[in-house]
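Dropping the structures in below, format is structure tokens.
Both complexes below contain chain A, partnered by chain B and then by chain C.
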Partner chain A sequence: MTFLKVIQWVVWKDLITEIRSRETLSSMLFFAMIVILVFSFSFSMDQDAVRELIAGIIWVAFAFTGIIGLGKSFTVELHNDCLEYLQLSPAPKGAIYLGKMTANLLFMLTVEILLFPLFVLFFNLDVVEEIGLLLLIFFLATLGLSAVGTLFSALTVQIRAREVMLPVLLLPLAVPVMIAAVEATRGALNGAPLSLYSQWLELLIIFNVIFTVASFWLFELILDS
Partner chain B sequence: MSLLPSINRFIRHIQRFKGWFGGAAALCLITGMYLGLITSPPDYYQGEIVRIMYVHVPLAHTALFGYTVLFVGSLWYLWKRDPLIDNMCHAAAGMSAAFTAVALVTGSIWAKPTWNTWWTWDPKLVSFAVLLMILAGYLMLRTMVEDPEQEGRYAAVLAIVGGLDLPIIYFAAEWWRTLHQPLSISLRGVSISGDILLPLSIMSIGFTLLFTYMLMIRTQMLYLVNLFDAKKGRLLSQVHLSKVGQ
Partner chain C sequence: MITIQSVQLSKSYGFYKIFEDLSFSIPAGECFALFGPNGAGKTTLLQVLATLTRPTSGRFEILGYDGITEKPAIRNSVMVLAHGSYLYDDLNAVENIQFASALRGKSPTFQEITRALDFVNIGAFRDLKIRFFSAGMKKRLGLAKVFLIQPKVLFLDEPYNALDDAGVGITNDLIRDLLKKGGTAFMTTHDRIKATQVASQTGILRQGTLHPFNLESQTTNDLS
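For the complex of A and B:
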């Protein structure tokens, strides 16, 4: 099998499993809705406060939801020893990583795209003009979370206390992604000129390149046992 | 392959001189303390408060030195898979975490009178707080894996990803907001006077030597613990086998 075929098959396998069970997406969606509700109860915000805080709220919800999805990405492989088959498979481990990462990216983006209208609705945002830019920010930041997250999901699934260890290891490393995503989203939502926050998009691109390449090489060490 | 025994032998060889490192560290720290606390002048703006700098700045330098040791050691471990290097990484992470924590505390004490706040979201503070979290995660991860070889491999992966991430965290936080006083020693030259720089450098050297000394002791200790566990395992399995034989 060629490299690209492996990636395609891993993504296909994850999507098919998800379409049949609907486990990951539904748990992510419900969790995220609860997070949005909790945030709207905990802050009684006027429109100025919303403009200041909404970007942070969006990304806290997205990051926590993403962690649920990332954790599930490899725990599902524990059933029927699928993880061992992935380890034994002669397919290049880097291709398995890229496949898993793409699948995680798709799940997280799907949830984000489904959730965003709820934010618009509950917090009364106007986003008509910046929607393309926002989607680009969501894509870049989610790619960053997924690049590091997939590596650590594969790592934590093979150790004790995996549900605790994934956020403990992932969130500190995702600090630059979070800062950049929140700042860029705030800029876009407040209608600031792109030049004021384009540096955050550059930072996200740099982060994505470094960590996709690094995780691609390191993944072999994680899956090898 | 020829490099592997030599680095191992080098570590074992240098271990014999660890007392010298400890002695030199004590000498440097005592001299540095004397110069810093007694003979150096108080700062024009900050007065006597500035003297905490002689502890805070060297501690922060040493914490970063510790992470550098951890980063290089992790790469080395993944290359050569030498358990002794793994012990060294484990030791470096623990002590780097301790130095980071003390640097954060002393920084906080210094920040209260000078910036009038215990904590602020400044790039260096953010980076050190994240560094502490990464190291805490690293040490937690170490306790969660059964197999020593797997433990070393996973820990090394985390240390490398963290090491790549730290500069990005710093730049992200710097763009985010900045308040910290600029570095006094940089590529553009030194911007502080000699009677402050001298004790500061001596303290930095002293803490680095202290770190090295502690690193040696801790590495040796972890190595012996691993050896003991392996022997204990072998003994237990022998006892078990003899019982099965009866």
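For the complex of A and C:
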């Protein structure tokens, strides 16, 4: 019960803080819109080329936007030494990790849901039939990024060059998520049968289970070191 | 009963020894005031005892729990009032208390929180975001958390900084109340006059070693 309450309170605190400050979401949205604009004006693609490349473009925008949000996840805890309070509290550290991870997941999904219509608009995508599947892919891949990203955000928060170190450490580990997300998104956007790309969804699920469990156990060590 | 027991506790950063072979014990119901010049290692010692930093060697126990291997049990009974306020700027006073209490498995009612805020005389500002609080008000909010959570051991790092006379009175009242209930306090301070009002044991940390400090006979020069 206490475990679930701690998760709930950490999510609540991060959401309330963000709703009031709007620091993370606004910077994520601003960056993502620039990416969409640059890509949409850089390529003059026919519809076939769009279908081949758009999945990669979407995930470049989502991943780098997510990194901005993940980077801020623990820097807010440095102010007034709140990170020290988290460390000193008797609350299960795994619950704090899951709370932070859930809040990051919600921020990233919010931005993705706001951005995706812009991709549809700028690249003239037909997504009506596959929207449910696309949302599932977005959820699974974003969960993977959030699971690893939250851990690395905590790991790099005390480093002076944290803005550089977070993507340097996170992106190589997130490569399987990125590849699986791009392949599954491409399959869904092209209207291919699910059986042709379901292995990528399975990879996302396996990655999420392994890295959420590993990060859950490692978080206490990182917070205490 | 001994609440804080330190045995040959040492801490170094690289080749630089902060303190070495500190052995002392603080019984339940007593307040220990630690003096010392800037850079003597007072805050580092407090951080070690509060389980924020590992000692380089030696061992210590808080309430009978080993300081290295039984951190969760210690953290359950200990509270720290440090230089940082541990407050979120975009939450108001009530929300900050609710969050801090939740992390300690407590869920005080709104009335209890209001009573705690009134005790430290900031009840009128309960809905104000912390970003608008002065340093003294933040310090008082920290005291309100102590009032609500009632820890068995309280660590205070320079508790009188930024507080007016009334705030100092509230701090010392809270410490006296804690001691009366069998709790223990450990504070680092430069203010021997204010510390005299509550501390029953004193020491001075100088050049990495702990010396007894006599509140009556020693002068301010001894602290620098």
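Methods note: the second predicted complex is superposed on the first by the 223 of 225 C-alpha atoms of A that agree within 3 Å, B and C clash if a C-alpha of one lies under 4 Å from a C-alpha of the other, contacts with A are read in each partner's own complex, and residues count from 1 in each chain.
Everything below uses one rule, namely that contacts are C-beta pairs under 8 Å (C-beta built on N, C-alpha and C of every residue); 3 or more make two chains touch, one makes a residue touch a chain.
As the structure is a computational prediction, the values presented were derived from the model and not from experiment.
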Touched partner set for A:Arg20, first chain B, second chain C, both or neither: second
Touching partner for A:Val128 - first (chain B), second (chain C), both, neither: neither
Touched partner set for A:Leu218, first chain B, second chain C, both or neither: first
Touched partner set for A:Lys5, first chain B, second chain C, both or neither: second
Contacts of A:Glu183 with chain B and chain C, given as first, second, both or neither: first
Chain B versus chain C as contact partner of A:His79, first or second or both or neither: second
First (chain B), second (chain C), both or neither touched by A:Gln87: second
When both partners are placed on the shared chain, which of chain B and chain C touches more of chain A: B
Chain B and chain C footprints on chain A, overlapping residues: 224
In the complex with chain B, residue positions of chain A that touch it: 148, 151, 155, 158-161, 165, 168-169, 171-173, 175-176, 179-180, 183, 199-200, 203, 206-207, 210-211, 214-215, 218, 221-222, 224-225
Chain A-touching residues of chain C, taken from the complex the two chains share: 50-52, 71-72, 75-76, 78, 80, 82-91, 95, 98-100, 102-105, 107, 129-130, 138
Complex contacts: residues of chain B adjacent to chain A: 78, 126, 130, 133-134, 136-137, 140-141, 144-146, 150, 153-154, 156-158, 160-162, 164-165, 168-169, 171-173, 175-176
Residues of chain A defined as touching chain C within the complex: 2, 5-6, 9, 12-13, 16-17, 20-21, 76, 79-82, 84-91, 96, 224
